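In what comes next, chain A is part of two complexes: it sits with chain B in the first one and with chain C in the second one.
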Partner chain A sequence: MHTLRGRALFFVPALALLAVFVVYPVVNTVWLSFFTSEGKFALLGNYAEVLSQPEMFDSRGFARGFPYGALVHNVMWIVIHLPLTAGLGLALAVILREIRGGAIVKSIIFLGMVTPMVVGGVILRFLFDGNVGILPSLLSLVGLPRRTLTAYPDTALFSLIIGSLWLWTPFSMILYSAGLETIPDYVYEAAVIDGASAIRAFFAITVPMLRPVTGVVITMTFLWVLKIFDIVYVATMGGPGGASNVLALQMYMYAFREFNANSAAVVATLLMLVALAVSIPTFRSVRGEQQ
Partner chain B sequence: MRSTSVFARRKSSTVALYVAAGLAALIWLIPFMGVFMASIRPLSEISRGWWKFEQFNPTLRNYAGAWNHPAAPLGKGMLNSLRVAVPATVLPLAIASIAAYGFARFRFRLRDLLFMTVVALMTLPQQMIAVPIYRIMRGLGAVDSYTGLVLVHAAWGLPWIMYFMRNYFTTVPIEVEEAAKVDGASDLRVFLQIVMPMSLPAVASAAVLQFMWVWSDFFLALILLYSPDKLLATQRVPLLRGVYHVDWGVLSAGSIIVMAVPIMVFALMQRYYIRGMVGWTSK
Partner chain C sequence: MRRKVMVLLLIVLALFSLTGLAAEKKLTVISGWSGQEMDAFMPVLREFEKETGIRVDYQIYRAEDLAVLLPAQFDSKTAPADVIFMWAWFVNKQAQSGHVLEMTGLLNESDFVPGILDAVKSGGKLWGGPYTGKIKPGFWYRKSFFKQHGLAVPTTWDEFVDLCARIKKIPGVRAPIASGNGVGWPLSDVAEHFIATFGGPAMTHDLIAGKMSWTDAQVRAIFESRLVPLLKAGYFSEPIEWTMAADLWWAGDYALYFMGSWITGMVKDPTDLGVFTLPGARGLVFATDYAFVPAYTKYPAEARKLLAFLATRGQTLQVAAGGHIATYTGAPLDAYPPVDREIAALLKGVEALPDLDDTIGGEWQPAFWDQLKLLWVSPARVGEVLETLQRKAGK
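Presenting the complex of A and B:
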């Protein structure tokens, strides 16, 4: 009995902190999301209300162009970002493994990963600046107007998406690099004996054997993009005119600029539901490991 | 040898590989170079592009300007960030390790369910706790205080550190612990004197990652700290941009100062950082 109580004490500090500062706030946020900003209980009515706001979903965007609303912007961000992060990360991992000096290039690329995202936002804003930035200057060489790309509705969001790719691809590269180390050489040697080319071996051996890594890369990238906040806050503040607004930023605006905790709770709860849905395959593998 | 080197390779494809690698290195280096150049040159020299070198008078004035900025002195911000990041690394590491050991070694009903719930908390977006956290802290009188922010960071870091440390503990051979128990050592003694010393590499990995995340955090600081003298380094960066026009020199210098800390930690602890990243996500 004595040791049993002693053993319970191993968990008490952790579970107490989690209960007060994580679990209770989560439950509270879900609860808040069921009330309108006037304090009336509306269950899902408040969700319908918030989702019909133009800052969340703006159907006029489809006739006129940006902004389309934070919800659509996040979807676009994910659709563009996911395949490119996985593809570029894998390509970089394979290329840099093959060449001399690959480790040095990896360290350079990895700078993006250890950069605080606030600083990442400054770097991107600088990169896209019409006067001091190099990208608009390069584009002007091919005849496009030299302008601050983050300051125009039609290019602001795409600029940030490219920037977030630049900041996040190092992560996928590192995971793929580690994954490549786990594929034993004899598999490739067997492929050579069978007369396969390097390219065929890549698609027939490397890609399928890295499928678990791809799963992790996709899940983590999805979660990262879903919660994207810092770089948008610093580089564009969601602008111009909401053209690069995203859900996490909109939640912050509702909560701490408009003091509308209920609308903020709706956005947060939606983010959480998507995050949980995306992570379910990863949980499955955790449980599989335990048994 | 390295995997696909078993394939005969044509000279042209070798060249293509090097070109691709060089291009990647450039793409990742140039944006950093730009900000670095802006930070060491007067604004007038870079106003048509930092890659123009007709005039080149490197100076540290921008760094001094950022460090002693009149509205948001970054020197103070760096100190404040350390005052948050150090306790917000040590506290969750201690609390999570001891619980993780329990999850790895003790058998009890609902253990796996409880652990799965903790793991599920890892995926939560911070937005999900923002409003209630602000209200709780206001109730406790801990808004605009480092204690409040450290507690939130500690709680927020617990799930992944518990997950990471538990996975590590399950790889530690159990025989030594059992021998110590036969000799009459308590659970706590076994944990502190036998398991923890063997787990220092994992502790280092978790500490490096947690420190970097807390250092880089912006969102939680933004909602909990607002007095000008209490703002953290990351909160001060956006304030360095200037009022009438963007002061790229000071803003760039400030960015590099804030970035220097995680880069130094990474350079010193690279092995632990990467093991932490890879181990935590793909184990």
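Presenting the complex of A and C:
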């Protein structure tokens, strides 16, 4: 018992730090979300108010086009970005494992991951610029009008989603590369003896055996996309006309433009709930499989 | 013996640190000026140091970043600097919360352009000081370009539209007017100029005060019958990062560029610059830079002294560097470079107007910028843009 108490003492500093810097801000944020800016208890009134704003959800978008509101834009980020990142990362990991000099190519691709997101946002802005950007130049070669893709409501969000792939795909590529190393060679050798083609081996061996890695990739990418802010802030500031606005940027606008901490807390709480709803089951399933 | 030496050493060190602290009375100034603008501002601070013996450090922060940083710092009773250049609406808002040092009595109001102190006044008290301002006079052009293509400055709206049509036909010109972008303020300057020209100064004042709706028929008419037709005709370029737009305009990709008076310090040959307002303009935006002293400065007396210096003699020094127009009437005309004297002359006969988006500020300001970016590429959505602006203004 004495030893246990002695050991527990070592946890105290870490727990104290967590309590001050994680638990208290989280609890206070949730608490704030139930109060109006005048300090009156509003229960879910703030949530109804925030969610009814066109900045969050704009049903007119379905008839007119962008913007659809930050909520829908975040869903679009997840639906487009997540499978592309996971798929590209897996494909790159498998291909580069087989080819000579793959490690060098991987290192070059990994540069995207170590680039600060703010710098990435600036690069994206110029990448899609109609005057100096590479992509509009390439598109003009196939007869499409040369225009700044981030300046138009119908292309701004998609440009950011596609452009950000090079910033995050290296993460999934590295995880999958590490996962591939854990699959024993004899499994593939047995498959070859049984007459399995490379594609069959990929779907019957590689993909199932990388399931725990896929779980981590999906969860981490989901969380990254959910809190996406810096790229959007720098490249488009959520525009034009809110066409590339996202939840984290809207939270920033509430907090630092309106100075409305309560509305910002509502968005923060919603983000936290979604993050928990996705990450807890994923980590549980991964842990279950490992056990 | 060793102990005595140690004690003596500690006493000497303590004395040194105390005298060091006493001598180290250093002020910090924050503004958004960097590069050439900072180079032009630094001699002003050096002159203050020379006159008073008080050291001044300079730090660069954009107003957009300060809007995020300052409220949190003020709430914890600290300030990153002793004198901070910031939007007037922000100064007033922070003053209401007790975060700004009162400056009433520091400046003689009759020494400044009439009304210029009003922006940093609330509750009958003065909360900041004006520095120089920049006029946003209209469309800049290169005289050599106009001469080469036989173009003339328009004197009526029809001539202006005709000028755009003629420029559009010139080979190699991408669009008649370059549209500056970035955070979004260059487009708001264009829109404000249209409002001041066709709605008159009263409309600008009424929109700022919230007395007039953005969906009012008169406002709608300015957008729908003046600005939108030009956008639909392709007379404005799509929004381009504003410094890049300046380079492209100077290189002849565009013929006209709506920008503030600071452009005179950005081009290679200011003598080749010409500028004209929209025909019939009755008001010009005179955007003043304001500075304030946070309540949490360690040196309130010295900070006040610096603010007073900047608002008066500092302005005279600043205008000599070009690109700035003094709000301090004591700045002599011969202190200006010739090109700025011409700009200052543009204000004659028209009303100097406050910068609309800087004055309203808050959440509305970035919404204005963002909605104009939408209007520029989707002019048909003008109704939606104005409705959004009104919704944000009503908040």
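Keep in mind that, in the parts below, the second predicted complex is superposed on the first by the 270 of 291 C-alpha atoms of A that agree within 3 Å, B and C clash if a C-alpha of one lies under 4 Å from a C-alpha of the other, contacts with A are read in each partner's own complex, and residues count from 1 in each chain.
Convention: contacts are C-beta pairs under 8 Å (C-beta built on N, C-alpha and C of every residue); 3 or more make two chains touch, one makes a residue touch a chain.
As the structure is a prediction and not an experimental result, all values here were calculated from the model.
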Fit or clash - chain C, chain B, common chain A: clash
Touching partner for A:Ile174 - first (chain B), second (chain C), both, neither: first
Touched partner set for A:Ile123, first chain B, second chain C, both or neither: first
Contacts of A:Gly112 with chain B and chain C, given as first, second, both or neither: first
If touched residues of chain A are counted for chain B and for chain C, the larger one: B
First, second, both or neither for A:Arg257, with chain B first and chain C second: second
First, second, both or neither for A:Thr3, with chain B first and chain C second: first
Chain B versus chain C as contact partner of A:Asn131, first or second or both or neither: both
First (chain B), second (chain C), both or neither touched by A:Glu38: neither
Intersection of chain A interface sets (partners chain B, chain C): 129, 131-132, 252, 256
Chain B-touching residues of chain A, taken from the complex the two chains share: 3, 6-7, 10-11, 13-15, 17-18, 20-26, 28-29, 32, 91-92, 94-99, 101-102, 104-105, 108-112, 114-119, 121-124, 126-127, 129, 131-134, 137, 166, 170-171, 174-175, 178-180, 183, 185, 188-189, 192, 197-198, 201-202, 206, 212-213, 216, 220, 223, 226-227, 229-230, 233-234, 248, 251-252, 255-256, 261, 264-265, 267-269, 271-272, 275-276, 278-279, 283, 286-287, 290
Of all residues in chain C, those that touch chain A in their complex: 67-68, 71, 93, 181, 183-184, 238-241, 244, 248, 362-363, 365-366, 369-371, 373-378, 381, 384-385, 388, 395
Residue numbers on chain A that touch chain C, as the complex places them: 54, 64, 125, 129-132, 147-148, 151-153, 237-243, 252-253, 256-259
Touch list for chain B against partner chain A, complex: 1-7, 9, 13, 17-18, 20-21, 24-25, 27-32, 34-35, 38, 46-51, 95-96, 98-99, 101-102, 106, 108, 112, 115-116, 118-134, 136, 151-152, 154-156, 158-159, 162, 186-188, 191, 212, 215-216, 218-219, 222-223, 234, 237-238, 246, 248, 251-252, 255, 258-259, 262-263, 265-266, 273-274, 277-278, 281-282
